[in-house]
Amino acid sequence: MIIAMKEGVSRGEAEQFAETLKKDGIAVHFSQGANRIVLGLVGDTSAVNGENLMAHHLVEKVIRVQEPYKRANRLFHPAGTTVEVLAAGGTAKIGGGTLGIIAGPCSVESREQIVDIARAVKKAGASFLRGGAFKPRTSPYSFQGLGCGGLDLLLEAKKETGLPVVTELMGIHHLELFADVDIIQVGARNMQNFTLLRELGRSKKPVLLKRGLASTLTELLMAAEYLMAGGNSRIILCERGIRSFDNYTRNVLDISAVPALKKQSHLPVIVDPSHATGLSWMVPAMAKAAVAAGADGVIVEVHNNPEAALCDGEQSLTPAAFSLLMDSLRKYADIEGKHIS
Amino acid sequence: MIIAMKEGVSRGEAEQFAETLKKDGIAVHFSQGANRIVLGLVGDTSAVNGENLMAHHLVEKVIRVQEPYKRANRLFHPAGTTVEVLAAGGTAKIGGGTLGIIAGPCSVESREQIVDIARAVKKAGASFLRGGAFKPRTSPYSFQGLGCGGLDLLLEAKKETGLPVVTELMGIHHLELFADVDIIQVGARNMQNFTLLRELGRSKKPVLLKRGLASTLTELLMAAEYLMAGGNSRIILCERGIRSFDNYTRNVLDISAVPALKKQSHLPVIVDPSHATGLSWMVPAMAKAAVAAGADGVIVEVHNNPEAALCDGEQSLTPAAFSLLMDSLRKYADIEGKHIS
Amino acid sequence: MIIAMKEGVSRGEAEQFAETLKKDGIAVHFSQGANRIVLGLVGDTSAVNGENLMAHHLVEKVIRVQEPYKRANRLFHPAGTTVEVLAAGGTAKIGGGTLGIIAGPCSVESREQIVDIARAVKKAGASFLRGGAFKPRTSPYSFQGLGCGGLDLLLEAKKETGLPVVTELMGIHHLELFADVDIIQVGARNMQNFTLLRELGRSKKPVLLKRGLASTLTELLMAAEYLMAGGNSRIILCERGIRSFDNYTRNVLDISAVPALKKQSHLPVIVDPSHATGLSWMVPAMAKAAVAAGADGVIVEVHNNPEAALCDGEQSLTPAAFSLLMDSLRKYADIEGKHIS
Amino acid sequence: MIIAMKEGVSRGEAEQFAETLKKDGIAVHFSQGANRIVLGLVGDTSAVNGENLMAHHLVEKVIRVQEPYKRANRLFHPAGTTVEVLAAGGTAKIGGGTLGIIAGPCSVESREQIVDIARAVKKAGASFLRGGAFKPRTSPYSFQGLGCGGLDLLLEAKKETGLPVVTELMGIHHLELFADVDIIQVGARNMQNFTLLRELGRSKKPVLLKRGLASTLTELLMAAEYLMAGGNSRIILCERGIRSFDNYTRNVLDISAVPALKKQSHLPVIVDPSHATGLSWMVPAMAKAAVAAGADGVIVEVHNNPEAALCDGEQSLTPAAFSLLMDSLRKYADIEGKHIS
């Protein structure tokens, strides 16, 4: 961390200020320029709050050279992390050369619906089943998911097909209900629900952490750091579109987040083209783009009857369209030297 | 709600589609244009999900004319709402011609700190004391607030000064601890924590609801609707800056949200210039702008020693600077025909 | 175009208002709902200004169903447009199954530099040479390009290699100098320089039109419409990154603009990963993502000595890295049933 | 400017790199940290391109401490600049304690229209008349202004009322026609039309420079620097709303840009609430907020018949509403110790 003092600050003043910084093994190095003194902080500055330092009347600017996250940082874990869960025939993986393909409906609606879709996506090559039981909805008057009943149906579909399941947790009071869920999803709107993150950090369950609609990459990695600081290292990052000024698509899918996150972190990164675009016809193009950019997988909404879906039908692929997409993704994976399940 | 069918859709097809919409007292009106059929939905369409309709293969476009919120809508409550809480000398108000001034430190740090600041802001004319006990922090390594101990100190400051207190709730498991808190704050990062909103909707406590960093005004009003749908009508909306591409200030304070929200809703609207700008020297200009634009109050960070503050010192006013600001705000309130406590 | 009148507007008032709309062959259709009258405008409404109508005191809402652009609209030209220019061995193409690969330095710096790079990118498989002579720079103190001298050197490189050239025009007073330029680039900052667009609409030269940093897709298509309204139909659209709140990359490359633009328009769409990301190591991933998403080509910065480049070295590939990228792009083109020159 | 070298870079390598920076009087200061060498550049670094330095393989990070603009910088001109133009009774001013009030229609439509409005806004207290002759319109099919004829009518209104006039220049080929225009407006879409800026820098006419829709404050000041580098120091900056994700208002008026720009620069800053919001009923609230935040004036659209306006009627005040607004602004000016003409 580099701290530029204001012009006119004396060496004595700077030294006095520097004393307040020398804790937790941090050393301060002085550099006298023509106009100002510049301090260099040496050591682990993750816990130093740059914004607080800016409040000091002698400080002009604070610049962080080292990233504020540690456990999520690729520097401290150069090889990529692979997240594995038990599946019917062994394990299902995301990362490390394996593309994790997660597919299923926005909401679990009935036993028949979720089992049919589960079978269809498994047949097409998906390795995980997604399905919402507790749904975060903008309006209190919209369908909020089947709740506990939905969770039961999802777990029945898991039993029928052997596919591990991914579903969203909306509050820590539901954590016990999720004992048989394989991957717990933290939704975009909860990415900075620190109470939830802290609790999931104590869990040993893999977490699919979605990027908030206006979250920087650093904030996403800091949210992962919350989970990892608690001891949970099985984290999958998910880019799912950010807020922008254009409304042709629901959000703007930031594909460049994929190489950017993989450069900064060892955690696997997947992409959700369904929520990002909100338009089913655009999903295949964006899923392919994600894999081309280096993603470790995709999470795609599939519904056996999109027009009758209780939520997000507009963005759901039919099983047939999903199957075609899988054919393409296998070719893309080949070029990139990766494989699907 | 208006639904434009695709070109080529026949009257018969449109009528069949329309049948699926006729529920909950909604009638459908047909209009035959030169190129397409247009449907008009008549009745309360709050519960109709426009996005779902877009999934239908016969539908070109769905346009909502009526807003999706009801209880928060000014249409159904033309007079403005005033939120009142018990205070030392009677009641403290926000709205209805009274500017609610909320002031205090980012975090409660010690008994002396919070009591001193409480006395200072009361003397300057504030009617509410703010102070964080549970702090949402981007980094797990940053100071997270004093927790329950901080809450106790805040309540001591309340006892000492008679000022009602405002503090943030980060999870529903803490709700019992907040029995003596006068106004519960829902932070920007929790604006769409629907679990939290639903629970607070059942409470009778006033809620200070902060706009999310990338939330539209409609989303903010829908979050208020979650609270109101549960029966809680004592809601204060708060504009606190939105994400943008410029980083001179921490966020962009959207002052136009004040007249926009007051046009659409009867709820009082206040502004937080401290978190929006992140720069204490800019707070007075923006607080005055907020009142000039019609805000029902402001929430301002004040610290007796900003340079030593454990968080957000950079954006805190000293008690002296706050007192000067209050002098200005009284003049602005006069012009606008409002008064301060 | 659909116009929802305010509640309480009588049939007589609405009819009087409708009279003002019946011109240029537009008919108005009436629909009486329970609460309000809705008008449907039938005919070519491209010239009807919806914002003006919103100024009328009887109007509640104006909704455009038909897009405001015509010549750029895929509806009126279902097959895609291919832009062709004369090249050494015949023609070089962008669109219609041919990926147009444009490569070269940010700025022309010397005869040796531009000729060397031209030879290298041609050898690697590029079909067009880019190079800036007149450079739009944020600072008046930055290198502004070699100007006319740079243009001459670029044309020499064209002569040496036979590669058609692409370079940016910054003002109509330079148009004559561009007689031998093959494709004229309109930069992002000039996308709504309507004086420039109007003049280029009268030209017969192909135009590479870059999306503005905060331009919606509709605005980009309207800028193309300016060119096409003047008679120039040889337009190539270019996505080059939009402004956002994250600053890890210079801009956010909106890859979903590719399928979105191709759905709405028949014009070819290319992508500029160099300016979008500003980071050379990220260019290959994003170039591949662009092709995977359906782009008709890419424009990539290549420099024989990025560290010594007079501008944008940080985002330039070396000729060797570019050659590797071309190997990948050929495989991606294959899968998508396209080919490179 | 501070340059952090990558870890592992030796002193020798750093010194060799530093040699390339020592030109134009810049000295380089070395500082050896525990992990890396940090260079401090001393001298005028306005012309040093930080992005170019980032291209160097030894460089980790480049941080600018000094702003990249000079002539626009308040550091070099601590007192604020006042822009004055000749007017009927002496001079009309913007800045230095005088609020410049610019009012008039979006477009000049007829002699009667512009003269009537000019008289009305003068009577209400405006000191400048605005009116568009050449209009930048998103659609080539929209009304583009009366052109030269409109300019003549505007100058007639100037003669009739003595009000100095402000109108937009869209290309340098029109510059001669603007000989009698008092203040030349550069529109938001041309803020980085460097060809236009360079030419106006050579002119002696005051320039009203509007912030681009997605321009940072630094970019706005760099655009002003283009004008000032050419010798023109009579610049008025104008905040007119930025692009955001909410579409309740046309743009988001960034009121905090006012104190931010005035801190960084000595140039006067005005606000355009009409284009920012696009809603006439919101204009008074935002004009007052601008003055409360320290603006040196406002530019407001006024039309004698907004419903029939050829453009932007939705955002125009009637003369009566403008007159009421002026009454409020006088009170606000009083509090802030400023005066209106």
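Just so it is clear, A, B, C and D label the chains in written order, and each chain counts residues from 1 on its own.
Assume a residue touches a chain if its C-beta (ideal position, glycine included) is under 8 Å from a C-beta of that chain, and two chains touch if they have at least 3 such contacts.
Everything numeric here is computed off the predicted structure, so don't read it as measured data.
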What's the overlap between the neighbours of subunit A and those of subunit B?
C, D
Work out the mean Cα position per chain and let me know which chain is farthest from subunit D.
A
If you tally the C-beta contacts, which comes out ahead, A-C or B-C?
A-C
Could you give the separation in Å between the centres of subunit C and subunit D, each centre being the mean of its C-alpha atoms?
27
Taking each chain's centre as the mean of its CA atoms, how far is subunit B from subunit C in angstrom?
40
Could you give the separation in Å between the centres of subunit A and subunit C, each centre being the mean of its C-alpha atoms?
32
In subunit C, the residues touching two or more other chains are 214, 243-245, 247
Subunit B contacts subunit A in the complex at 46-47, 49, 51-52, 54-57, 68-69, 136-143, 170-173, 189-190, 192-196, 198, 212-214, 219, 222, 225-226, 229, 243, 278, 280, 306-307, 309-316
Could you list, by residue number, the parts of subunit A that touch subunit D in their complex?
2, 4, 27, 29, 31-36, 38, 40, 42-43, 60-61, 63, 65, 243-245, 247
Contacts from subunit B onto subunit D in the complex sit at residues 214, 216-218, 242, 244-249, 252-256, 258-260, 263, 276-277, 281-282, 285-286, 288-294, 328, 331-332, 335
